[in-house]
Amino acid sequence: MKKFLNEPEAFVDEMLEGIYAAHPQQLTYVADDKRCLVSVARQPGKVGLATGGGSGHLPLFLGYVGRGMLDGCAVGGVFQSPSAQQMFEVTKAIDQGAGVLYIYGNYTGDILNFDMATELAEMENIRVLSVVGNDDVASSVQGEEHKRRGVAGIFFVYKAAGAAAEEGMSLDEVTRVADKARLATRTMGVALSSCIVPEVGHATFSIGEREMEIGMGIHGEPGIRRGPLLPADAVVDEMLKPILAELQLGQGSEVAVLVNGLGGTPQEELYVMYRRIHQVLGGQGVQVAQVHVGEFATAMEMAGASISLIKLDDELKRLITAPADTPFFRQHPQAGR
Amino acid sequence: MKKFLNEPEAFVDEMLEGIYAAHPQQLTYVADDKRCLVSVARQPGKVGLATGGGSGHLPLFLGYVGRGMLDGCAVGGVFQSPSAQQMFEVTKAIDQGAGVLYIYGNYTGDILNFDMATELAEMENIRVLSVVGNDDVASSVQGEEHKRRGVAGIFFVYKAAGAAAEEGMSLDEVTRVADKARLATRTMGVALSSCIVPEVGHATFSIGEREMEIGMGIHGEPGIRRGPLLPADAVVDEMLKPILAELQLGQGSEVAVLVNGLGGTPQEELYVMYRRIHQVLGGQGVQVAQVHVGEFATAMEMAGASISLIKLDDELKRLITAPADTPFFRQHPQAGR
Amino acid sequence: MDRIGKPELAGLFQRLREVFSQQREALIALDGKVGDSDLGITMNKGFIAAHEAVLAQLAAGGTDGIGKPLQMAGMAIAKAAPSTMGTLTATGFMRGGKALLAAEAIGTAELAAFWRAYHDGVVERGKAKPGDKTLVDVLGPLLQSLEASAAAGLPLREALVQAEAVAAQALEATKTMTAQHGKAAVFREKSVGLQDAGATVGHLIIQAMRDHVVQAHEGQS
Amino acid sequence: MDRIGKPELAGLFQRLREVFSQQREALIALDGKVGDSDLGITMNKGFIAAHEAVLAQLAAGGTDGIGKPLQMAGMAIAKAAPSTMGTLTATGFMRGGKALLAAEAIGTAELAAFWRAYHDGVVERGKAKPGDKTLVDVLGPLLQSLEASAAAGLPLREALVQAEAVAAQALEATKTMTAQHGKAAVFREKSVGLQDAGATVGHLIIQAMRDHVVQAHEGQS
């Protein structure tokens, strides 16, 4: 296991200690529990936005806590849900009387715990709504979207909802926007190598030296097909196909694009992929309003990438391009692509 | 070779096509040569800052071209110097009459070519000075600093010089600042796995499943010692030791810290390392004015990390914390740590 | 032993802790086939926490019924193991404990009440139906067996021996099912032939209860 | 053949191109030991570009001396292979070509003049001293041999045969040296015993020149 760590059991807490030490002006925690992470800044009257999920996906989830995006995050063990109690502590801390929206990925463990947390919050008269990201087109067929995993595309949901809350929208309005962003977003991933969970100590799955798996999830969930690693352009074409079909993109549609490395893939390769995405979108007359290339939702050291597209209307475009300043994502005012 | 690429020979140019497609409002090229990359924005009268070097190190080198940092970058093949002609084309394009400063790493190929480019520029009456980054303490002993490699610490030199040029300083002043930043910066790296140069197609070097190499360079140059992978804290302690000694840090010193992933190491692990750095610095009474944790100078998919420290005075602190907006690095105004 | 008294919970949870420590690797492997390999880790953690919570609750003394330490065990599991099975198991113990708040000890009737509340809590939270290849496919038959035993007035020991046998059979039957929930669901057909990991945990718990009572019984006789 | 005329440069550069194509893997391996494994790639690219530049220059006709296509070869290498050895080799051909701008063909005297300028250009740019385990350690002896042959009035063929032998010996001698420049320098003691990669390139070039002339000679006789 080629990792920089001390005791595997201490990995997540030591990572969090590093996070708090590096970003003391932006991040802190509540309930005397490092895993109950909240933004230092409080904006009175603003709808609170919370997320949560397993560790091992940085910048997800906690990296987007900050100005213009989220207010808090319950942090789980590697690939593990945080507890309902932790979510509840975060909820109490960030509620400014305007209610709290949970935005998280469609994983059973997270759902069970966020549901429990919602019940706890309601007992304290905090209004809580949820939007559950399910952007991964590879994880279930059309018509069964409720079974799909949430992956990197949740970034767009955070961004849109965060900007909406920043604009002063109500909980219902922020939820409407988050849900609109969710419904407009699709992601497809591809993996080339496995990741290693520190406490497990060996690769989650094995894959041949010249193989790829299209559609694999960010915990190593199986994809659509495994086969020989194809040239980058062919990989991109295969990944884009269902996304384009489902979003019904065509002449004049406008999108934002996220090319996401899973942790072990160099950024150079992500740009080789974006080159092809740009060609394909251009060929179909699709306008690209904004592009992000880098690591946004990883799977530890997994080699691989995902492509997310969000179809924009004027409102989503405004919110997606609004400024943000979080430890892992900064966008200056008037950031186009 | 687990890479997203088409023809290995086309890798760098296709990456650049992706870069230009993703950042059209910020980056463009001159001389009809994609490898002569310049900022779209020109600031009349400003000292021009150029860099250059091999590909495979993103965000280095081109990623720091943008507001508050660099104006242009000559882009070489993977781990290869760009040509003198390309450097010269960039120089011509970015010169605003105030002269141009070259900031690049201490590698023979780059030096030979930047020297040739300087001669070409002088023939066209463009004044050119150079600052050659040599922050890697592992690459030669004290007293032989001129033999040291330039690695991630060059980020601080770019940042300080870029802010100085932005403030309107003259070429000599910007050069003074860049040189001051260079002299105040030290880096130490550690590698856990090799990288693969696309055109070579296999690992540059081999290293055991439970080994690390302290002091390895970003092209796989040999380090100080190879041995069993130690716990993260022990690795950090070993890396910090020569840096702290050389910078003569002590009670009341102020530094900025860069924890840099080499490409294949998850950000979680970098924060585990930062946790320890913070402990050690705190224990010695050293103030941390700013922290960056992420990928700043990579070696393709190499697993590993480097730690850079820059010792700050008031001027360097002001320049390091000034805003910047480049495709790979953004810092809002008043960015502390 | 015909009833599990409050002090004996210490031994029962000690046993559960040992079982999930011993089964750690086996559950990792089982969950690894169509899941994320965490089940052994989370259950191990969960039952360490549960054991400690029960000990703390017993040490605190007090006149609460036997349900209270069971609730505390559930809350400890919720905190220590917030995975799918951790949260469902936590829900099970919290609900089961709540059903026994007024009880002094666990006989066959109390055991049936415990597992009724456990089962209903899991179904309410997880929304799985019988045949979906989950924990519920062990909990359902197990519960029916216990309720029948309670109705027939069977002693605790016999009730547990029967319930364990039914659970083992129900567990075996999960092999023929296709996963509909959680991480296994994406494997669909691939999950057929494999024993469900969560159902295995359900069986291990009832097995530990049986062994605890049987062994205590043998110690007595 | 006692002189290399302008049209024969096509054949010479064709040969150089072939040599560096054949030696690609060997040079990668050699540079890999104490360097970055790129030497085979860069030299291969460099001499493909040089060959094409020479062909283009010859095709353009004109009354320039033989130095011009050599300069063009150097410029092409600078562009195609901006590594240490690429840039030094480019500098060598540009300077060597400049020294022969007025010459019609290459006899022994011209060859010595070419390599004098080549050597001096490399030293000026790279600042390596004899014994530093670089290309210079082949260029020095090679040049001395050629200048002695020119002074003695030896025919081109003999001069090249001697120069190649001297270069081969000088190359062998680099094994005993400790690298002081470039990537190999950090390996220090480890570099001892290994033949210097850049010096190997120097030897390959003079060897190709010798083979070209010897073979043309054999073809004639």
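Should a chain be cited, it is by its letter among A, B, C and D, assigned in written order, with residues numbered from 1 in that chain.
The rule we apply is simple: a contact is a pair of C-beta atoms (placed from the backbone, for glycine too) under 8 Å apart; a residue touches a chain by one contact, two chains touch by 3 or more.
What you see is a predicted model; the values in this text were computed from it and never measured.
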By the touch rule set out at the top, what is the minimum number of steps from subunit B to subunit D?
1
Rounded to the nearest Å, the gap between Cα centres of subunit B and subunit C is 56
Chain centre separation in whole Å, for subunit D relative to subunit C (CA means):
80
Distance between chain centroids, defined by C-alpha means - subunit A, subunit B (Å)
29
Multi-chain contact sites of subunit D, meaning residues that touch two or more partners:
none
Dump the list of chain pairs that touch, please.
A-B, A-C, B-D
Within the complex, which stretch of subunit A touches subunit B?
2-7, 11-12, 14-19, 21-25, 55-56, 58-59, 192-193, 209-210, 229, 231-233, 235, 263-275, 278, 291, 293-295, 298, 300-301, 303, 305, 325, 328, 330-332, 336-337
Residues of subunit A defined as touching subunit C within the complex
76, 79-86, 107-109, 112-113, 115-116, 139-140, 147, 149, 197, 199-200, 204, 217, 219-222
Listed in rising order, the residues of subunit D that touch subunit B in the complex are 28, 32, 36-38, 41-42, 78-79, 82-84, 86-88, 91, 125-126, 181-183, 185-187, 190
